[in-house]
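Common to both upcoming complexes is chain A, partnered first by chain B, then by chain C.
Let's turn to the complex of A and B:
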């Protein structure tokens, strides 16, 4: 049984090194780590099911067997729960037949009653059971076909399948988000450990004993938690699947784009997975200091909004206009106005807000920039959300955009043109936003047909967060990159910075121009570029509040 | 190293050109006159009035195999569309109504204009649900859209057109083995 005290020690860049002997060769590995992690640092992958970097070690799958030296000579031990000891001897499957046989035997037991569901299983293609079979199984079947597979789980879910075989535990509805397939489960108990130690709400447990054990919820209780879809990621087989992605797409068809979540100021690292210009799912991307391996259900389901209610062209006084005409008209309005209010947004990237500042600069004293948000700020949940829905709030603050939306409401009558970029003011607080309606020309740059786009006289479509390149600064003061997935509903849509660059004749041709402008405003960004920020982001010195 | 192939030496008669041309024309004219005088002996057919017997193994238009109750055998696993080099198979999966079966296709379209008739889909299928043995090789339509074979069109075939030895086809509704297969299907056997 796992406990929170046996969290694995992970190697760090500054870990002290100790010398051990692996397969007869002397190697240096980080001190204090377990053998799975230590062997990984020297390029040896150890197959495993139950071990997970961000969960307590359970050591129940027995797949990660290696040979280590003990008082009675070399013997088998699980690599995930054997700490590195200076001078220890380790034999992996590269040198030890015993290790190979042990791993093969474990695979044979795990597959004995595992259904041959791969063609219809949503996990196929990213299944640990498939991977480990290829790396350390490949045994000849010793099963007797006339007996076939046996279902050992909960008796109320037993049935005969279309071939008359003993099956069971199929598509059990666990709750609003997750479906369980008990037959596919290999009882690694990652999901129960996640619910207990990460989510802090023990809703899943293992019932019954031995090979009759099965995963279930407490009687009559659903699996329902803000983070429960993470159990579908950590499930090494297709036992737990999310209803949102069930049967939607085969995983090997998906291309991956690494980006960050735009709905929270922690900026959880995610991978947008797309195929044929359509985003099919969002998966967490491991970052040890931001979101570990977890994302909230809200973040995970964000992709559904990417194809809903999109503003693909422009709209002028309620009538649809082509995008190019809308941009042209916006440019005329901005330049013809006596006094322009520009509303920046922490929902947009640093680059987009930099473009807005450059536009204000080009308009001189006729323009004024406002910032801030009317959305409620919650408390951090300690997993993968900071509670602040404005993802780039710190970035805006560093750019010198102050939290002064209330000023704009008070002084609305002074302006005759309003530009709102990527900010749904009317949805956040319709009552306060209503007072902005006294401004005769209201221009909204928006990816969606949202309340602000509808309340504006001119709406211009822009790309949404998954379709742009750029950067945001999260609540920790870490600058992180957004990458563009090729999924924009129409190829004509441009990122906000590009539209704003057209409004102000800035002549910017790529987000790098915008980033350079932001570097001029934020000294902490000096010396950085997209490559040095990297996929894991960079902490900016001295900017975290 | 390039290999040098020596040209054959020509005889004097060959070098003279005219005799060789006449020899060639003799072959041409003999065939022409033979076809003119006794056309029934020619090794040709008056296509399209008379057509060749096409082998079952010939990769022709696809069909989707049926279970005894008429539902497609397809489990929407996407193996065919993954194997397809032309990417002409478009599948959408959905939950099956039959509790014994988990997944079924909601949509199964093959764009026959894009298809290269390579047969990899039929080879990739783990449940023998797609075959290319319909012998339909001439496709005609007046719009591109009509060349897209839908699930319903692919399921529209008659077991009587297939030999009795093709047991899988005969288990479909209307087939010789359907009654028996249906009874076993009701008890839970679909082999």
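Let's turn to the complex of A and C:
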């Protein structure tokens, strides 16, 4: 297979342009890219199944056919494996009947053996087979019962259905996270290429050959990898589905909010998908320089915590209190204290931490800010995690917050009030956190009933990461935006910066106030705003370590 | 008796090295070969008009000239002995009868391309041939004809026999290379072609057994003599595997351009047809079939058969008489290609199976009007849209059997009393609801 490792060349902002002729019109496209990408830059979508920007080209689905000029005149070629040549002639389905026929034929071939069980398929609504049928197929089936289908499936999963038909494999449990439906598979080879090329652990393969080939794991072996759920995203049909999302929600009901993963300092770009105030899944959002098209299973399953164990009000000395009362009491405690320790958090946004700094400023010498984390830092996995669980660590450092939690532990007796914002110190290291219990008034701003909230004297509920607007700076020195999904468990919950603003009478009315404060502390942020940061973030000059 | 260039040692016990030598074998492993530069040798092969005998008929000298010399990587020679086309069995017999001629041919090719390591990829089912080859290799190594410093020339070559696992598609050169490397035998995307990046991502020359076995004769007698045996454009001789309804099926070597009927009817060759000739498949099961009338006009060379819209292929001639059913033959062929599709490209994977199931439906008396046109449409749609030509190898028989024997297929469909029924019995289209 040494030759199949051809990664596609993707257009870049500074790619040199060459002119080619598409459907008779002269156009400028990036040089060296394949035709799928080149045509995309001029607004022509080429239907395809097996091609994926972040996987080696396999060229087996044959759906992306175009005509190109060669030594023997115009002829069919796959767009995903044909590089742009200056002056080349390309005909798409807009001008070539041959291309139209070829694409339609591929649709007919794929659907001939497909079970067509869209009504019970989770992929329906975001299925490439459905999309491409609408764009290139629209044929009437010529299949009939006597001819019959060749359902795909391993011998041990073949079965007779209620009508007595020989069927393939349905709902096969591949491992802890993924379910396989061999019948629906169109053998595009994306999942096996992902496991081989991205995950680096070839757990899936195509067994047998011809139309009786099927995807499977090695005998007795599960599909089990930190990134294995990505195969469910790249599967163009409903063959691979994640156990966490099966039969949960129809995808056309879901609204999408673009944000970033809060559990790792690479800040993988994600989309939070919600319906009716509830988050149903997290999907990767492609960023060529951050996480490509991948996210780890841990990041993907984070949404489950958004509806579990949430702190929706306040709690004072073990008794539930209304949120407004809790905030008011916190304000009184902070202002009545002799000396306040404020613990910032790399799990919160720049805006939240800026608010904490502004609060400290307003309290003057009575307040001191501490930062850092007790969580263990691992090594980058080369896919979509840096290994550092503190997402906004670099942001905190740039704001001037030092890594000095150990100082706080040593000098705990000096303080009579502790404010911990979005930072579960007691879960990270209960032993060390215990010494903070000498501080008589411990206020926790937390989205969850976590260990710190329980160890505090006053807990104040705040919004979780998926519900706030703001920004974080990832390990590459890239500032990226978080957007708010309308999924907070109660509408009263406020983001941490807003609660802190109330504690310090800062009078901030939106995240923009907090961001402006952060700009005052971080020169590299000058001139930026949320719009210019955009959905792909911005590299800050000279801040990456 | 015509001049034989490849099969002259048949029946003489030449699989033994001493016998082979006594018949003039390994004569080219001398100054005759080693005094030639690589360029002179490639030029000599080009002048002989030798073309690839595996099926495609690509000029051998030109193929060799595509192999880069200074890539910094080793050059591999891979012998394609994965003879799998239904009707073809000449390579099996060639390796069985005269293994040393193959080794000698490989040394010649190896010298031309600077090859140090060569593989013989033998079809898995050819166990006797593999044993014969291994025994011959052992003898050749012992005699200093392989290994380091062959015949004192300073040239070294190692040959390994690799046993395939039984897939027709591994006869396609890039699938063969994948299989050789230990991967699933599936054709690769091209470019790069094997000449540039083949086995182990290095320049690789893949040649058929018969092609290489012609080299010793060409070296001995000169390229012009070889060219003169055939027609101006198709030089030399060709080995044919003849099977089917002939009196004496077998492997025959005849000069290029020999009339097809001479091969089938000559008393020295096949000795005539059993029954009345209905048609001939001239170049392996994938080549378009010829009717008896066309077969009588056909000459066995690349150009003459191309003019009849068929091909010489690997030289597998299958003759059949009027008792054979075209429906039955096509059903066998579609089953073969559906079974052997590697499953990589959609049109071939799903299309060959689809066509096979329609064919089975027709053959079982359940065919309907329109099924034949449906078959032809499918065949047209899976031709020329895939990585390798396996789909075309299925499409050609479909198009030609149905095209040339259509009344037989229509008679088969006519056996179904429900042949005119509408395709769907219940109207279950969305339009029925809204």
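FYI, the second predicted complex is superposed on the first by the 530 of 545 C-alpha atoms of A that agree within 3 Å, B and C clash if a C-alpha of one lies under 4 Å from a C-alpha of the other, contacts with A are read in each partner's own complex, and residues count from 1 in each chain.
We adopt the following convention: a residue touches a chain if its C-beta (ideal position, glycine included) is under 8 Å from a C-beta of that chain, and two chains touch if they have at least 3 such contacts.
Keep in mind the model is a prediction, meaning the values are calculated, not measured.
Undergrad: So in the superposed three-chain picture, is A:76 touching just chain B, just chain C, both, or none of them (first/second/both/neither)?
TA: So A:76 only meets chain C here.
Undergrad: More residues of chain A are touched by which partner: chain B or chain C?
TA: Result: the larger residue contact count on chain A belongs to C.
Undergrad: In the overlay, answer first, second, both or neither for which of chain B and chain C A:101 touches.
TA: second
Undergrad: Is A:218 contacted by the first partner chain B, the second partner chain C, both or neither?
TA: neither
Undergrad: In the overlay, answer first, second, both or neither for which of chain B and chain C A:160 touches.
TA: It touches chain B, and chain C stays clear.
Undergrad: Report the residues of chain C in contact with chain A in the complex, numbered from low to high.
TA: 167, 169, 174, 178, 181, 183-184, 188-189, 192, 197, 200-201, 338-347, 349-354, 357-358, 361, 366, 368, 374, 381-382, 384-387, 423-424
Undergrad: Flag every residue of chain B that touches chain A in the complex, lowest number first.
TA: My answer: residues 67, 75-79, 82, 93-95, 98-103, 126-127, 185, 187-191.
Undergrad: Touching residues of chain A toward chain B in the complex: what are they?
TA: Per the stated touch rule, the residues are 117, 119-120, 159-164, 170-171, 246-248, 250, 252-253.
Undergrad: Within the complex, which stretch of chain A touches chain C?
TA: Counting only chain A, the residues touching chain C are 1-4, 6, 49, 57-63, 65, 75-76, 81, 101-102, 105-106, 108-110, 112-113, 142, 144, 146-148, 150, 186-187, 189, 206, 208-213.
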